[in-house]
Structure formats: structure tokens, C-alpha cells
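Each of the two complexes below includes subunit A, the first together with subunit B, the second together with subunit C.
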Partner chain A sequence: MFEGPVQRLIDELARLPGIGQKSAQRLAFHLLLVEEADARRLAAAIGDMRDQISLCERCFNVAAADECSICLDGRRDQSMVCVVERPQDIIVVERTQEYRGRYHVLGGALSPINGIGPGQLRFEELKSRLEPEGIAELIVATNPTIEGDATAMYMAREFKPLGVRVSRLASGLPVGGDLDYADELTIGRALIGRTEL
Partner chain B sequence: MAIRHDQGIVLRSYPFGEADRVVVMLSPNKGKIRTVAKGVRKTKSRFGGRLEPFTHVDLVLYEGRNLDTITQVSVIEPFPKLRTDLDAVIAAGTMVEAADAVAQEEESSMRLFLLLHKGLRSLEAGQRSPDLITSFLLKLADVVGVAPALVDCASCGRVDDLHRFSFAGGGVICDRCRGEGAVRLRSGITEYLAALSTADFMELPGTSDVLAGEAMGIARRFVEYHLDRKLVSLAVME
Partner chain C sequence: MRVDWLSLSQFRSYQSLEWAPDPGVNVLVGRNATGKTNVLEAIGYLAGLKSFRSVPDSELIADDAGAAVIRAAVSGEDRERLIEIQLNRSGPRQVQVDKNRLRRSTEMLGVLRVVAFLSDDLDLVKRGPSYRRDLLDEIAVQFWPAAHLDQAEFERSLRQRNAFLKSGDRDQTTLSVWDSRLAQAGGRVLARRAKATGLLAPLLAVAYGEISSDGLEAALGYRATWGDGTLGNRTAGDYADDLAQALEASRQADLDRRLTTVGPHRDEPGFRLNHSEARTHASQGEQRSIALAVKIASHRAIGDLYGESPILLLDDVFSELDAGRSEALAASLPEDTQTIITSARPEDVPLTGLQWTVGDGISR
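Entry: the complex of A and B
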């Protein structure tokens, strides 16, 4: 145990994902020993983020207004929605510069093993967007895991009958990877999602 | 520290540190094992999809103080069809969850392993009857030593007038022994459960939807009662 305020910071840091007691101690003492301005800037950045950023009312991306900058962008194709698990995933798709539609953040993936069912994800919110936005296609960009697969299958089952096209990001071989390093599942997937040349 | 070989079916995994996961597996030799897969959360991980749940893998492990680290993994059976059908994912999830709940660490679990392996195999082969889960759960109860009495009264051993089921009492109960908390059964259900408790997964009776539904309800409640926890996989789609 350390002096009250030090221990309090250690305890808070240790609650962050991927940070154990040891790392928390290291970070806390680092912050104690750096320039005071540096430490204060970190504290202010956390405060500002929480004050100024919330979730987009439409797609649940992070937003600095009621809606996020993507939803507010008039040049975006409204008929197409890319469905992702987390807000971080939007940045990954955006970086490709290949996609000009909007997004929808589910807040996770279906996970029978962890007891996460459709009720805990934002499917109803997505359904209520279909008509007003004239959405014709959903591109499911969930992770290529059991949970991501289950989510994509559930979405096909729920949304196709509503007259929406549902597609999934093709999953296959990593660019720059060697074929002989790929596992059976990945190669199997790549075969199913093969494209004609 | 030493290198050791093992095999197992992946039950689940959870994030560990920055890019690693702890992968929980059922090994026929060592029961439930917790292993670290370094860097597996990176897209270019050399483990690829090999450590996804339900996969049967061969392992080379580097023994650590607390957790063993996976140095090599190769797939024995990938069960790919399991992943392409939502009902199969839920059924497999239920099997894995129940096996996870009863498996012990550092304890040989050949029977449990074989049961889970058979269950996943029949899903892979296209078995989608709800009776599969019922049969699996009844056999799982047997493996862990709490098989419900289904052909004679759990209390006195009589073989007739078995019209009730007691979750706490361990199975069917005759009319004379009926006590608190025993539920009345539809006729034919006792025989249905008894048949499922020994049936081959690929040759399930499947005679009636009503019986199948109720049989699963009883098997599920029975297992949940004895595990003292809910099977969340089955609750997911309710």
C-alpha cells in the first residue's frame, strides 16, 4: 500500500483493460515523476473526451455532436450501411477509403457462450433506420470469429425478409501472407469467398 | 520449464494483456487447461483461426509457472460446418458451455472429452434435432455422476406409476414417493428421456415435437439444477 492518492491512482489504472497491478504501479510512479504539466494534460484530455464526445444518436459511432461526422456528411451514400461491432472498427474500414456509405455500431457480437443475445445488441435501432434512410444494403463487417459469424448469420435471417440486401466482408488470406502459413479454416473461407478473375 | 504435447477442444477464450488471449480447452488427459496464445488477436497472427471455439487441436506447450504458452498448434478437426449455421453454433455453444462447467483442471477427462467430441461431430454431420442437446445433457449428467433416474423411482426404485420428476430428488418419482417440488409429467416423456439417455447422436428418436420440447426442458432444468448455474447459450435466442 502506498500513500492514499498514489494508491487511488494505482487502483484506477489497474481497472483499465490489459493493465495489471504491476503496470498500474509503474504508470502511477511515472506520472508522479514527469513534469507536472504532462500529467495535467493527460487528466485534461480524459476530462475533455468525456465532456465533448458522446455516441451518435443514429449509428452509435463516437460523436462530437448529436450525430457523428459521418452521419452528418451529405456526400455519404445513405442507402448502404456497414455494420460493425465497435466504434473502433469504423476507423479501420474508413482507412481503406473504399467505402462511402454510413455505419451502424452494434455494441458487440452475438455470443451464445457468453450469453450475449440479440437483445443486448443494437438490432432494433438498426431496424428503425431502414425505412427513413431508405437503406437497401447492409454490409456486415463483424470479426471473422465464431461470434462475428453468428452475428452475420443472425442478421441475414432477420434482415433479408425485410427486403434488404445483406452481405458480409469476404474473409480469407491476409495480404502479404504466405499460403502455407494459413490455417485450414482461413483457406476454407477464402475458397468460399473466392472471386472470379 | 519443459515442453509438453497435448490435444484439446477449444471451449472459449478471453483477452489477456495487449494482444494475447487465454484459450480454455478440454484435454482428454489433463481436463480443463488454460493456455496463453501470444499475439493471437493480431490479424496476421500465425495461429489464424486455429484457436476458435469448437476446434479440435494438437498442441505443443511451453510449461509456465501459472499458464502454459502455446508454441505450436495444428488442427485435428476444424468442424467448419458448425460455424455456418446459427442453430448449430447455439447447439455447439451449449455443449461447450456445459462441458466447461463440469470439467476440472488437472484431472483426466476422457469420457467428457469423447462426449463433447461426438456431440460436435454429429452437429458437423448435419444432426439438428433438438433431441441432440437433450441427449447430450443427459449423458453429461451421467459422466459427472448425477445421471437422473429414468426407469425406476429415484426414491424407492419402483418401476411403475412414474408420473413425476424431481430435480432435487434426482429423477422420476413414483406416485407414492411424490413430495415437494416434483413436477407432473406428460405421459410418454419418461420413456422418451430414457431412450435419449442412451441413444446414438445420429439415430435420435425424434417422434414428436411436443415430447422433444418438454424433454429438453427437463434435461436442461435438471443439469442447471445440479450445476447450480444457467446454461446461457440456450437462453440466447429465447
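Entry: the complex of A and C
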């Protein structure tokens, strides 16, 4: 145990994904030894992000206003929605320049092991978007994991009876990999070659 | 295939050890079992990235050490490779082949192949069906490295379906999704088991005939918990269809018991001797002969497939065999194969080879 404030920061850092006790200690002592202005800038950046950024009321992407810049972009095809697990997956699809529709962030994938069922994902929010936005097609771009696949399968069963086309990004993505790691070319091709579920 | 050179550091009992084994037969002799077996265990780890003693990596690291390192120069498929593995007490292990860091353990498959004869191989015959399911699945991975992914996918899907059943959630759509996922992965696992059984069964019958002179016929059977109870030899898609039907039929029972009651994870592969179950009906000696025959058959099947004989590891096997079985086993082992044998009493080993004394190090 270290002096109260130091230990408190170590504990907070250690709660971040991918950071263990050792890394948390290293980061904390680094922040103690750098220029005070640098440390304060980091603290301010975290505060600003939490103050100024919230989730888009429509698609749950990160947004600086009530809606995100994609939802506010009038040139986007409203009839098409790409469904992803997390906000950062949107950036990966955007980088391909192949997609001109809107998005919907589920907030994860089905995983009973982690207590995640349909009620924990934003399916109802998506259903309520179908009619007002005239959505005709859902492209499911959940991660190519067992859980991501199960989520895509679930969506096909839940949404096809509602009269929307449901397709899945064609394989070619690394099995078990995060969407993060797939290169843009692969995803670009997967977008074009998507398969109907 | 062979190990040309092996170096251990902070691995089990060894602070450091260097050894250049002979390409032929090596007999490791030492007072107690542990040190000798540790050497086999390290070679086994190089091939399978896990201990054949089924212990976590942390147990392989010497007391008071933060990490253990296994390094080896191996030859196979007409090339030499340097394998380096560091097991860390905290944090994941690192595996390098020719200084390139492996990102997935599946990339290691085929770099080094070994077949290990262990003193508890009798469990394969005597104990529950899980031992024989694992045997078939491990052989499938040796034959078709991608089987590893199918098995991992099946295990994960099964855990998810069981977690759903335990959660008390009764949403039929969600359950049907996990049924489909499980059936698809299970179909592929079953297709591999069927092929592995088909390859292994005839070799097993032959090897049993060599080990034992009792004239009995050894066979490898498979009792399924789904479909008509037989495995046969069909496609992964066919098996998946059968499984999907079986899962649907057992849905209510599974919901009640909060557990997946049918599928590859409950199937019962079994050895038979003249059509009766070896597990319950064979004598201890007959069971031992079957266990040896399985290993001989595995070694031959893998050698045939890759055109290159896997390294043979025999951990204190001869001491438990009577003279007849010892001689028969020695006679059925291939000659052109690197073989590493541990024994407390070298006079028990009916093979001629280089003899090494194992203590704090290895020496002639």
C-alpha cells in the first residue's frame, strides 16, 4: 500500500481494461513524476470528455450533441443501418468508405456467461427506429466471435418477421478476432459481399 | 522429427539444464522419477503447449522464480527450427519460433510432433468416457490442426448454452440461437471424431495383435447420445442436423435440469475386446495391452499422414509391464524414430540406446 492519494489512483487505473496492478503502479508513478501541467491536462481531458460527449439518442454512437454527426448528416441513406457491438466499431466500418448508411450500437453481444441476454442489448431501441426511419435493411457487423455470430442469428430471427432484410458481413474476418484488428480492406470486401441471414 | 538440443531454465527442478539427445534411442536413468519426467514434460510442452501431467503452467516454474524458459532446436519437415517458450508466473506465456513471436497457439501445431506413452495411460481404457473423448479430439488436432478451433468453438458454445439454462431465462428465441450455434460446432467436432476413429481403429486392431498373443480382437466403438446412437461416417452438416434435432427434443429436459444433456460432450467412445466392453470386461493385463496399442496406433497414423515419424516419449512405462509385453512393445516401436525413455531401472528397458544419467543435469 502506498500513500492514500497514490493508492487511490493506482486502484482506479487498475480498474481500466487491460491494466493490471503492475501497470497501474507504473502509470501512477509516471504521473507523479511528469510535469504537473501534463498530468493536469490528462485529468482535464477525461473531465471534458465526460462533460461534452454523450451517447447519440438515436444510434448510441458517441456524440457531442443530442445526436451524433452521422445521424445528423442528411446525405446518409436512412433506409440502411449497420449494427455494431461498440461505438469504436463504427470507426472501423467508416474508414472503409464503402458504407453510406446509419448505425446502431448494441452495447455488446449475447453472452449468458456474462449475464448478457437480449434485454441487456439495445434491440428494443432499434425496433422503435424501424418505422419512423423507414429502415429496410440491417447489416449486422457484430464481431466474428461465437457471441457475435449468435447475436447476428438472434437478430435474423427477431427482425426478419418485422419485414426488414437482415444480412451479415461476409466472412473473411479472422475467426475469434475483434473487428478492431481486421484490416480495412478485408472489411470493405466483407461489406460488399455480405450474406443474407 | 527430432530434438537436436534442449535447454531448460528455472523449469520444475532444473535451475538450468542443457542436453543434446541422440537422434535414436535415449534412456534417461535416475534415482527418482521427477527429474527424468520433467525432461519429457518439457519436450511434450514444446509440441502441445501444455503439460501432459495436466497441471497449470505456474506449476512448471521453479519455486522462487518468476519465469521458466524452454528452448529447443528441432528438426522436421526438412528444416531446423528454434523454439523458445517463456512461462511467466504473472502474465501470459511467450512463444517464439525462429525468433518470431506466435500470436495464436495453433500456429505451433506441426512444428514438433510427439506421442507420449505415460504410466497412467491405463486410464484411457479403464476410466470414464471423457478420457476417450479427449483422446479422439487430441488425435483429431494432430491430424487436422483446424480441429482445435472447432473444439474451442464447441466448448464455448456449450458453456454459453449451459449458462443460459442456468440463468432461469426462458426466452425461446435466445435458446434456439444457442442450439444452432452448438449444433453447428458440434457437427464439425463429430465429423472429426468419426474420421479419427476410422483412421485409428484398424491400426489399433493390428497393434493389439502385436502386443498381445491372446488372439482377441480389439476395436474402437462410439456410442452417441443423439440420433440413433451410432456415429457412422457422415458429413459435419449431417451431424449438425442430427444434433439440432436432438437438442430440440431434449429442450424441456435440459431446461428442467439446467444442463445440456445430449451432444458430443456426453458421447461414449469405448474400446471393445471381442465385442465386449473393455472397460468393464477386460482384465488389467488386457487393458494395459489396449492402452499400449492405442499409442502405437496413434504414432503410426500420425507418421503415415505426415510421412515423418513423431518423437516417442515413454515415461517409466516398462517397469509396469511383464516381460512378454515389454518385449512386444519394444519390437513394435519403429527404429527410425527419436525415442526418449525414462526408467529407474535400465535393465527393465529391452531397447538398446544411449544411456544418460539424470541428476541436477544430464550426462553420459
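Basically, the second predicted complex is superposed on the first by the 168 of 197 C-alpha atoms of A that agree within 3 Å, B and C clash if a C-alpha of one lies under 4 Å from a C-alpha of the other, contacts with A are read in each partner's own complex, and residues count from 1 in each chain.
The rule is short, and it goes like this: a residue touches a chain if its C-beta (ideal position, glycine included) is under 8 Å from a C-beta of that chain, and two chains touch if they have at least 3 such contacts.
What you are looking at is a predicted structure, and each value in this text was computed from that prediction instead of being measured.
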Once the shared chain is lined up, is A:E158 touching subunit B (first), subunit C (second), both, or neither of them?
-> second
Have a look at where A:P112 lands relative to subunit B and subunit C in the superposition and call it first, second, both or neither.
-> both
Is A:G18 touching the first partner subunit B, the second partner subunit C, both, or neither of them?
-> first
Which partner does A:I146 reach: the first (subunit B), the second (subunit C), both, or neither?
-> both
Can A:E131 be said to touch subunit B (first), subunit C (second), both, or neither?
-> neither
Doubly contacted subunit A residues - partners subunit C and subunit B = 110-113, 115, 117-118, 146, 149-150, 153-154, 157, 176
Residues on subunit A engaged by subunit C in the complex (per definition of touch) | 20, 22, 110-113, 115, 117-118, 146-147, 149-150, 153-154, 157-158, 175-176
Interface residues, subunit A side, partner subunit B - complex = 17-18, 110-118, 144-146, 149-150, 153-154, 157, 174, 176-177, 181-186, 188-189
In their shared complex, at which residues does subunit B touch subunit A?
-> 11-12, 15, 17-18, 43-44, 46-50, 52-55, 75, 78, 80, 83-86, 89-90, 93-94, 96-97, 232-233, 235-238
So in the complex, which bits of subunit C are touching subunit A?
-> 90-91, 149, 153, 156-157, 159-161, 163-164, 166-167, 169, 171, 173-174, 176-178, 180-181, 185
